[in-house]
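Listed below are the structures to be examined.
Heads up, the next two complexes both have chain A, just with different partners, chain B and then chain C.
For the complex of A and B:
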């Protein structure tokens, strides 16, 4: 597929071989991020959102079988030339994880952890690296960085730790930052600060950002594009505004309806999605959402719906036989 | 509180009446951890009180102190006019059957080696059939929380997180309690399952005439389920009252900051918090929020604000409340 995307994932599949048999964690996922763009991947646990990104980061265990392709800036991610891996992970792409405490080494001071990457990748001297570390702490808006550099992770609050982890990820100015639920372990009040920070840094450094979350609210105002995943498959991808204004996939719609927001009057009965998320132990042969979908028909349980664009926008595509919104209208009316 | 005073305690019948509750834990090197300080509130029969605040604000400790788990350092917890803090062990055990709790992580809350039938029936086995609770009614209860009774001999690992939370709820209801304390009941669940559990709690509340304490950090969820809301910060109460009044007209700068932090909120970002949560080992003097409050003045650093009435059922402990009070007759 020709495109000017920085990262282009095409028809990605990931299966795990477990003692209980195969687990089909990700199937047929195609995504793209261009330079400086922010992509939000939304899904609940088991939807395959983290596995998709970990496959690109080379973080999956050996039991994982990866099919499909991922191309980053002309490089085949799954077949990196020898010696290129070091540069690729850390300089080209960096990742931030959910729990900042487990991302940091508890017995090393912040300065040692922060400078490790730059000394390794850029061969900076001890003092030059330290200088750069101070700049980075400043960049992620940590007050009193000189003092913080000499502290251990347990001396920092959760929000501060996540800032340090972000600073580490940015040390070599990656072209793409992947943030996997960066605020889920943090308080709501801190969540907003961290999301604002990521937003600002992306603009300042002209960096592409992939924000993985289970919360539609988190990506709503902060991304250019949203991809919704469920049961290891992509359900819908669209420019952020269109996901909310003209939802095409019933799962996206059900997700929005089932969550109360601040404008929901109190005592309102919610509109829950019946059932529970799918078991991934079976090779996908149908729409994974079909058993819980109000619009499902026999067709949905017997075939995988192909990806289609909505009549209103070529960038807005969905995988459903019975879409909602403008996608539901017959083509003639457009 | 972030203040003191009991002006917000209401006249008349309260099912739970908590006054000047203090919970302290021993800290390192002789220090004292002030988990909950001078908290007073009341809950009427059939009401749902939502308790919100950041982690470490004392919301769970407050709810647990109500059922004396552990016993508070000082203060009064009246339940139907008996002071739970003064009850002896046996009397307390008997009273606790009336106040049940469900927890955040439903999987670790259930014994992995026992069948759900045993788990749900245990209370009845210990206390005897409370009222009408024979086996037939327990089957009915299992069905009423949305679990197929034919799976009653399965063990917790054979159920999903949402189903385990349903089982916890059934266990809590097996002794016919009047009060249900829910500590972050949906935070550990998949987004697509949360609404099922919230609706179930709402249905059961009506069916069993429950009074609820509902702890959550998710303001939208709290707004959905609560009649009244209590906002806590660093062991004290900042604002308490009718849920709509607090969410539509927040007066405490901390409540405003919390609301501003909700994704998609239209409250200005300058209301968001700066600085770090101070340590409960050494809470700030005066209003405990003064170190992070954009409106703090000298009085905030010296004097603990007292509760003042802000609306018909809306109480704020702040020297500089940030909204216009509703005219009171």
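For the complex of A and C:
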């Protein structure tokens, strides 16, 4: 992968030590985002997408064991220099969480929550911070910001709250914003607004964005690159267009088939993926998707498929013994 | 609120009147008819002064009526105005109770924050053992132990109450206040720690951490306030228990407070004083719990909307 990336994750592994033994939440994940770029991480629940990002944000519990590396702008994220750590999160990388209903402190007014980050990191005065807070609410398109600042979170709707959470994340102009399923808990009508807002803000502020979602449709028009995760491993990474035009991994293919779009005729049976996600309590020894994969052979159940690039593009990589699309062709000719 | 106070006064007044003949308590042995006709006049006088010939409801109504005007009646024993007795002894008791509560809060909050941010680690488990130990010691044993250690052995604190000014007064109340505070500290620490641990799991704590706020800031500015409900509730209730505790402590340290006065009054069957103390303490208790209810709305602005 290119080394001029803003964030470069290499061979990341996260295991949790639980009373029932180890849980292998993430293994062998390598990702990169360059400045101003949007990366989508797609996967179902338990695929390790959130854990990956939480490890980068330093939000994992003490029971988590992290291996591999994550380098942000030349800094080792897992071993930040002391002076840098104090003003790293919230300044260089910020995060927006899944549920806006619980992301804000219920007993603090919006202004206190919006301004504390800038006051702490930038040492802004009370009035300067307040002014900046107003600008931020404007930026995330909240009407009547003066009034909103004096309100408590419970006086705002879910969509409004997520806008506030986004404004909070933007307070110190981070170079990278991680949005972990930012619309999952919202009404369908509001979801699109929030996603479009994130997209606009990324362009306006020239900020890199990692958008985590379980919905391929969400990242389709809003990202430059997509990474598909399953069972704690990376299945496929590719430029967004290639993911749809030249799908290499059967799991990505299955994901696409299970989601309807506007061209799907009414009454069509969707294609759900049979079976359920893998139990992560065992050290990975096989392709995690093999038990549910229609192309799976004995090989898939006995070895981990290596992560390699397709012949057509160095940016398009996948981990599968029996790929589809153009990746399958050279294999067939052997 | 008013209803609670009324109920307490009624129960107290009724029990004081029906458990034994008030006349006996006022006059002693000569109250009995058989003690001879020479005392009949005194008996009649006492009956008239204390209105003992009126039916019970009338006496109760008169007593409550007097109460509302700040008249607690006269002591059965030395004819002292109960109000003066109370006014003389109440301030030091209230000072002691407030001192104990303040100490308890000042110690338990930092302790709970410290323990909750290290939840389930060794130091937290060790501090749990300590706090259960503090809860387990009864006040009377604690008083003896502390008194012996700090007043007699190390002689840090005076052994007797010193009323020669506010400074000495507070200083000599420190050991009694610590004795009262220790079980409170443990209670508050337990409750607050548990609530803090669950608050620290909340999403908004992760959000604050993702904003890069310091652990200290997160604990004090984000986690503390929403975690204080149980503690505050128990603070109100414990004020009642503290009244009981101060009886023991005042007696032991020779503090001329209301607790000592009431014990002496009970021994001497001096019911007007007992009644006055019961009324004042119940009013105090109700008042503090009313303030606690108000404080809920400060803790969580959402409470105010539910009215």
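Following the convention adopted for this analysis, the second predicted complex is superposed on the first by the 328 of 334 C-alpha atoms of A that agree within 3 Å, B and C clash if a C-alpha of one lies under 4 Å from a C-alpha of the other, contacts with A are read in each partner's own complex, and residues count from 1 in each chain.
As a working rule, a residue touches a chain if its C-beta (ideal position, glycine included) is under 8 Å from a C-beta of that chain, and two chains touch if they have at least 3 such contacts.
Keep in mind that what you see is a predicted model, and the values were worked out from it rather than measured.
*Asks:* Of the two partner chains, chain B (first) and chain C (second), which one does A:203 touch, if any: first, second, both, or neither?
*Replies:* A:203 contacts neither chain B nor chain C.
*Asks:* So, does A:154 touch the first partner chain B, the second partner chain C, both, or neither?
*Replies:* second
*Asks:* In the overlay, answer first, second, both or neither for which of chain B and chain C A:86 touches.
*Replies:* second
*Asks:* Check the residue A:95 against both partner chains and state whether it touches chain B (first), chain C (second), both, or neither.
*Replies:* Second partner only, chain C.
*Asks:* Can A:105 be said to touch chain B (first), chain C (second), both, or neither?
*Replies:* Once the two structures are laid over each other on A, A:105 reaches chain C alone.
*Asks:* So in the superposed three-chain picture, is A:58 touching just chain B, just chain C, both, or none of them (first/second/both/neither)?
*Replies:* A:58 contacts chain C only, not chain B.
*Asks:* Look at A:117 in the shared chain and tell me whether it touches chain B only, chain C only, both, or neither; answer first, second, both or neither.
*Replies:* Only chain C; A:117 stays clear of chain B.
*Asks:* So, A:260: does it touch chain B (first), chain C (second), both, or neither?
*Replies:* Touch partner of A:260: chain B, not chain C.
*Asks:* Going by the touch definition up top, name the partner, chain B or chain C, that contacts more of chain A.
*Replies:* Here the partner covering more residues of chain A is B.
*Asks:* Report, in rising order, the residues of chain A that make contact with chain B in one complex and with chain C in the other.
*Replies:* none
*Asks:* Which of the residues in chain A end up touching chain C in this complex?
*Replies:* Touching chain C from chain A are residues 57-59, 86-91, 94-95, 97-99, 102-108, 116-117, 120-121, 152, 154, 165, 168-169, 171.
*Asks:* Any idea which chain C residues touch chain A in the complex?
*Replies:* Going through chain C, the ones touching chain A are 202-204, 206-214, 217, 221-222, 225-226, 299-302, 305.
*Asks:* Note which residues of chain B are touching chain A in the complex, please.
*Replies:* 54-55, 160, 162-163, 190-196, 198-199, 202, 217-221, 223-227, 243-244, 247, 257-265, 269, 272-273, 276-277
*Asks:* Help me check something: in the complex, which residues belonging to chain A touch chain B?
*Replies:* The contact residues of chain A facing chain B are 44-46, 157, 159-160, 187-189, 191-193, 195-196, 214-215, 217-218, 220-221, 254-255, 258-262, 264, 266-274, 276-277, 292.
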